[in-house]
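One structure, pasted below without further comment.
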Amino acid sequence: MSASPPIVEMRGVVKRFGDLVALDGADLVVQEREIHALIGENGAGKSTLMNVLYGLYRPDAGTIRLRGQEVRLRSPRDAIASGIGMIHQHFMLIPPLTVAENVVLGDERSGPMLGERRLAARVRELEDRFHISVDPETKVEDLPLGLQQRVEILKVLYRGSELLIFDEPTAVLTPQEVDELFVIVRQLRDEGKTVIFITHKLREVFAVTDRITVLRDGRNAGNLLTKATNASEIARLMVGRDLKPPAARTPVQSSGTALEIRGLQAKSDRGAEALKGIDLTVNAGEILGIAGVSGNGQSELAECILGLHEPTAGTILIGGADIAHDDPKRTRERGVAYVPEDRRAEGLVLAFTVADNFILGKQDHAPFSHRGVLDSDVISANGDRLAKEFDVRPPNARAIVGNLSGGNQQKVVLGRELSEQPKLIVVNQPTRGLDIGSTEYVWERLLEQRARGCAVLLVSSELDEIRALSDRIAVMFEGRLVATLPAAEATEERLGLLMAGHTEGAPA
Amino acid sequence: MTQLQQPATTGPGTESPAPSVGQLTFQWAAGPAIPVLSVAIALVIGAVFVLLSGNDPVAAYSALVQGAFGTPYDITETLVSAIPLVLTGLAVAVAFRTGLFNIGAQGQLLVGALAAGWAGAQFATLPGFLLMPIVILLGITGGAFYGGIVGLLKALRGVNEVITTIMLNYTIVFVMHWLLQAGPMTAQNAFGTPASTPIGAGARLPVIIPNELVLFSRLHAGIFLAALAVVVFWFLLWRTPLGYQLRAVGLGARAAAQAGIDPALHMVLVMAIAGGFAGLGGMIEVSGVFGRVYDGFSSSYGFDAIAVALLGKNSPLGIVFAALLFGAFVHGGAYMQSHAGISSNLVAIIQAFVLFVIAAETLVRSLTRRRHGRKPVEAIA
Amino acid sequence: MTWEMLVGASVLAATLRLATPIALAALGGTMSERSGVVNIALEGSMLVGCFFGVVVADRSHNIWLALAAALLAGLLLAALHAYASITLRADQIVSGMALNILALGLTTYLDYEMYGTTGTPSDLVAVPDLHLTFLNGIPYVGTAIGDQNWIVWVGLLLVAALQVFLFRTVLGLRWRAVGEHPRAAETVGVNVRRMRYAAVLASGALAALGGAYLSLGVAHSFTDGMTGGRGFIGLAAMIFGRWTPVGALGASLIFGYGNALSTSLQGATVGGVRLPVQLLGTLPYILTILAVAGFVGRSRAPAADGLPYETEGHA
Amino acid sequence: MKRILAFSLLAATIVASCASTSTGTPQASGSSPTGQHLKIGLVTDIGGLNDKSFNSLADQGRQQAQAQLLVVTSVTESKQQADYVPNLTKYAQDKNDLVIGVGFLMQNAIWKVATQFPNVKFAIIDGAPTDDAGAVKNLPNVANLFFKEQEAGYIVGVIAATMAKNKVGAAIHNTVCSMGGLPIPPVDRYIAGYQDAVKTVSPTTKILNGYSQDFVDQQKGIEIGKSHIAQGCDILFQVAGGSGLGYIQAAKAAGVYAIGVDADQAAVAPGTVITSALKKVDVAVFQTIRSVRLGTFKAGDNSFNATNDGIGFGTVDAIVPADAKAAATQALADIASGKITPKDTVQVK
């Protein structure tokens, strides 16, 4: 390996955003034909470092060498020309365009006219070569997230990249999809490509990578050979401390049905059958996990309960009353809380202050308003109290929520939703994109609610999360609940098969 | 259930928030320094135009200022010009706050004026304490009705409010021609000025400055209504749950929806409220200035209002200042023409540059923000 | 009221004539917003197009120079908008409003200075009508399209060409990509800023062609504010047409038809009652509202429409 | 400002003694060279100076007075109807000797301001002071300058009817037409006189009328014009300001004839515009200013009509036959002598 210079050698990279130092002299050395993990908590500087390598950010200091040659990457164009490709965490895809159009965009190689059919053929060829399958003529907005990621990979391969950067690629994938991704990644290495794999999930590091660089606070915290290390060592390097063991579950304390759904059907926004007859119950003091690949109807289920989505048939009973056709306001009046999937668009009004977000939905009744007038003293006192109670940082209720980190934004959502002793909480992907610390925090809070006797419907595509929190686990596939298991019987393998629609012969 | 204008997102992340039509979130809270600077820059650019036209900029501007504020009479006239702009400015701003672009203040003002003018003439014999509330109420209701149509079409049929407001502005112009030229409201008066029957004395807003103080001042009690409207605007938006809901819908429609705030309902509400402000403006012009509805009496209040709202950053005080500035341009501009011989169209050019520099102010703002280190939200991961 | 008044060949001919300036403005709006820049200065671009086209026609007596001047004027106004909204990342609505006011003030001012007492000269060179003599014998069609102005045909061609351009060419793909997701476009090497500049400039020139149609093709003169809000109606047609050239044309035709009816129905009676001429004037507007509410409903703007874009590298 | 004043003074002194030759204006010989300079203010209505119609004509009258009489004048354009009162008031406050308001839209405004400034003279074009209730209240300091538009309309109607009847040139369909901006009285009086003449001179001639619903939009005028021409009309009389220019353009494009309005519009389209119905606002303004100068200012109604050259017809194109022109001249004389009284309400709508 020492014979040829490393394909990437970044030394002493510094990047500042105003007063914030995102990278503080970070190094990264990647050898050719290896799968290299770049690991660290959120905010450690992983993405910033990769954006520097990809030409999106210009470093304030430091050097970049590619195969020994010092380069200055001024734009993604430079990076692409140097054989670097990036599979972005937030897909850089254009929803109304087709797969083929997305793949070739910017490098169409077809003269002035597009020639859709020719493009499609060219993309198919590429797919065959790398064993990646997705219909080139479908619009990206009609694809599930797992397939959208393949489009991202195709984009990079189409440009002949030698070095592929995967930025948190598994966040939105099912276990099966993750496995398929790993197959693809290994195939890429075998075809001679080099892969940088950004993640904060230790399991993935051990499953697929050859070598590891750990970042913490914009600096290198360790460079390791995957074979020669273990999970706790990496975790310690990442977090700078030992991790707490997952909270132990106490048995279900109370009984009584909090939510009962019978024969629920609904169409998706595009008019497809999204829910094809859902039956489930959630008891007080119980967490029911809904596992499944995104896009199998989980979001519609959650939204139907809340009243954001109109069911076409079926009943949703809370306290004996059918709320299937109630609007969110009336549903919430029955003690239903909701932690939505996309906290930035759905959970929060980003331009509002923390205090104002804490009263969203509660603004029109006491104690926050009296006779149609807001009580600003109560609102700000409430803001200070909840910000403290839910550990929002900075602990300033007058801060604009859009400026907070993802974890703190989620704390604001939780603070609002959990502070009024709800009877049922519908939670959708509560820890997506959060770092380990914030994830721990969210989990603790949910378990606290359960302990209080609240029913929790937890929708998540993170199996770790489902298994760590749920008392029972229901698996959703194509608009149906294909199985409901006690948590103890739900092995990762079994859940994975169920999520992929294999209901028969699933090993217990 | 409700259609939202939020862009569709692919993965879990979305574009970092950026100001858009619906999200003019900036406020005068940052202080009036930048708008004042913008006006100054615009005046300098305007001066170049005056020079190019072969005139003396100093003479032009001193005439402009003198015309607008030179005598107590001029000051009261500048205020009279500003009053309708305050009301229509509020009408544009309140809709902006809920994420809607209300180009329709013009039409809403006219409907309010027609409704008020009709009531004022129909019940002309009623005493003021009865008639005035009726006229005010009808003005507001008329505007609210016309604005409400826009909200309803948006809520029920998803029709973009820009289309409806533009079309309704034109529609009312022709309806007004009919009503006042050959229709049910047409007055039988000498030489056929197209106008409605005069409103009763009880529907007139009295002049509030006695002749002993300012001779012949027209400044009428409408200024109190305008001031009240500004307070109502502020109170509504920042001190009531409804205002909170309107702002929440404007800044995050989906978040509002899941919290039980129905965006469609609030779009209807806010357009009716906007129309109410504009309609009150129309009523004030009829009751305070004209005493009847003249055909085409407002050629541009509703359009200037967009500039006023934008210049005033959709904030109550900002709108008042912007309306005063535009009122000064209107009244002072006439004097500039008669005394400095400078075309009144140069005033329009200067107004344009004021707005343009205000728009470009975002640059100044973003530069200062960058320096204070507000990092891009997605920069860290 | 007769069928002739509703669907006669001359009504169709008038529809085309009245729709053309709207369609050109809508086309301009479509091109700009497809790239993600809201351009409400279309009205202003039209108006300066009207005016400077006439000025150069008067000075040069060369119709090509006059047309070029019209387009250039619209383009320059749009360039100001592009600079404000792309480079300065200014609020696009505010900038557009400002430029509309500027265009009106400037043209009115210059018109008075240059042609104040006399009006624009009567012997202006003009864009001629295209007489399709071979259609003369054909009933209906001959009247409907046989004597339309050249710019009407150019406008129709542009609709087709731009439809193909946006949806069938490489550049069109990038154009739309920039309007939907500028970051994504930039990460694959598309120059967002350059694309948006091109789009805004093109929109100004297209709107100005609509202006030139009015002053050089139709009126053969200039009067203050002669665009009469057509730029705004074009904006509505763009939205109604779902941000596609063909859709914009369709919307403009509906509007133009309403306008043609308000002429052809003058003097008509319904059930013995004469239609008040003033109310006929509302036809195009009400027809448009009904059309939008009736069979189009909601339409989706390009996702990044109106959002200033910040190139990452400068962060 | 001073520069402008100084220049106009100089110009006024030089020109004041010269005899005027333009537009048949009576000579300014009556002005006293030793008198004080009078201050005159002119307020346009919302049409503005650029309307190429009565505001523009009024301003020409003002400029002519500035050039020929010992007066200092200025003009203010009104941007909104609400500006009329302050614009008139400012001139009165600034001690102008005469303040002229242009247009019937200012009737109430002139009443308001003139009652407040009884020592300032006012004049209003196309109207009379009208109180808040809409009643005409003549004031001792206000001159009401009226025009008999129907007389001007009648005279050009005689030309149109004669040509249509005799099928002169392109006028072969025996059909004449007119277009107003909106059906409001000052517009309709022109059209009424025009139609009255056609019915009188050539009862068989078909008459069409329409409205562009606008005073600015040229394309709307063109569309009405095309529609009229398609119905056989070959003499088009416009009463619609800027929109009317489009009506003339439609005639020009089709090779038929048009008749201008207010000002002499022969230059708009030579060969197309066969004549114009004149409403000599410039003359009225000039004469009113002069009457103040001479001390002959007459409050109350001042009618400008056929008898005092207040209305008339403009340049007659070569295509118009001598008999038509003679008939028009005769009609003018007959109206002046009272033999003919043109109708003032529209018959063919």
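Some points to look at:
A, B, C and D label the chains in the order they appear, each numbered from 1.
Just so we're on the same page, a contact is a pair of C-beta atoms (placed from the backbone, for glycine too) under 8 Å apart; a residue touches a chain by one contact, two chains touch by 3 or more.
These figures come from a predicted structure and were not determined experimentally.
Taking A-B and C-D together, the chain pair joined by more C-beta contacts is A-B. Per-chain Cα centroids separate chain A from chain B by 44 Å. Note: centroid distance chain B to chain D, computed from Cα atoms, is 36 Å.
Chain A and chain D have CA centres that are 76 Å apart.
The multi-chain contact residues of chain C, meaning those touching 2 or more other chains, are 108, 112, 183, 278, 280-281, 303, 312, 315.
Counting partner chains per residue, chain A has residues 17, 57, 91, 93, 95 touching two or more of them. Of all residues in chain D, those that touch two or more other chains are 48, 182-183, 213. Taken as a contact graph, with one node per protein chain and an edge wherever two chains touch, the assembly fits none of the named shapes, being neither a line, a ring, a star nor a complete graph. Chain pairs that touch one another, listed by label: A-B, A-C, B-C, B-D, C-D. Interface residues of chain A, counted against chain B in their complex, comprise 17-20, 22, 42-43, 45-48, 57, 89-91, 93, 95, 140-141, 145, 148, 167-168, 171-172, 306, 308-310, 327-332, 338, 340-342, 344-352, 356, 359-361, 363-364, 368-369, 372-374, 376, 402-403, 405, 429, 432-433.
Residue ranges on chain A touching chain C, taken from their complex, read 17, 51, 54-58, 74-77, 80, 86, 88, 91-97, 101, 105-108, 110-114, 155, 159. The part of chain C that touches chain D in the complex is made up of residues 10, 13-14, 17-18, 21, 108, 111-112, 116-119, 122, 129, 214, 218-221, 223-226, 228, 259-260, 262-264, 266-267, 274, 277-278, 280-281. Across the complex, chain C is touched by residues 3, 5, 7-8, 15, 18-21, 24, 53, 101, 103, 153, 157-160, 162-164, 166-168, 170-171, 173-175, 177-178, 181-183, 306-307, 310, 343, 345-349, 351-356, 358-363, 366, 375-376, 379 of chain B.
Listing the residues of chain B that touch chain A in their complex gives 1, 6, 8-14, 17, 23, 25, 238-245, 247-248, 251-252, 254-262, 370-381.
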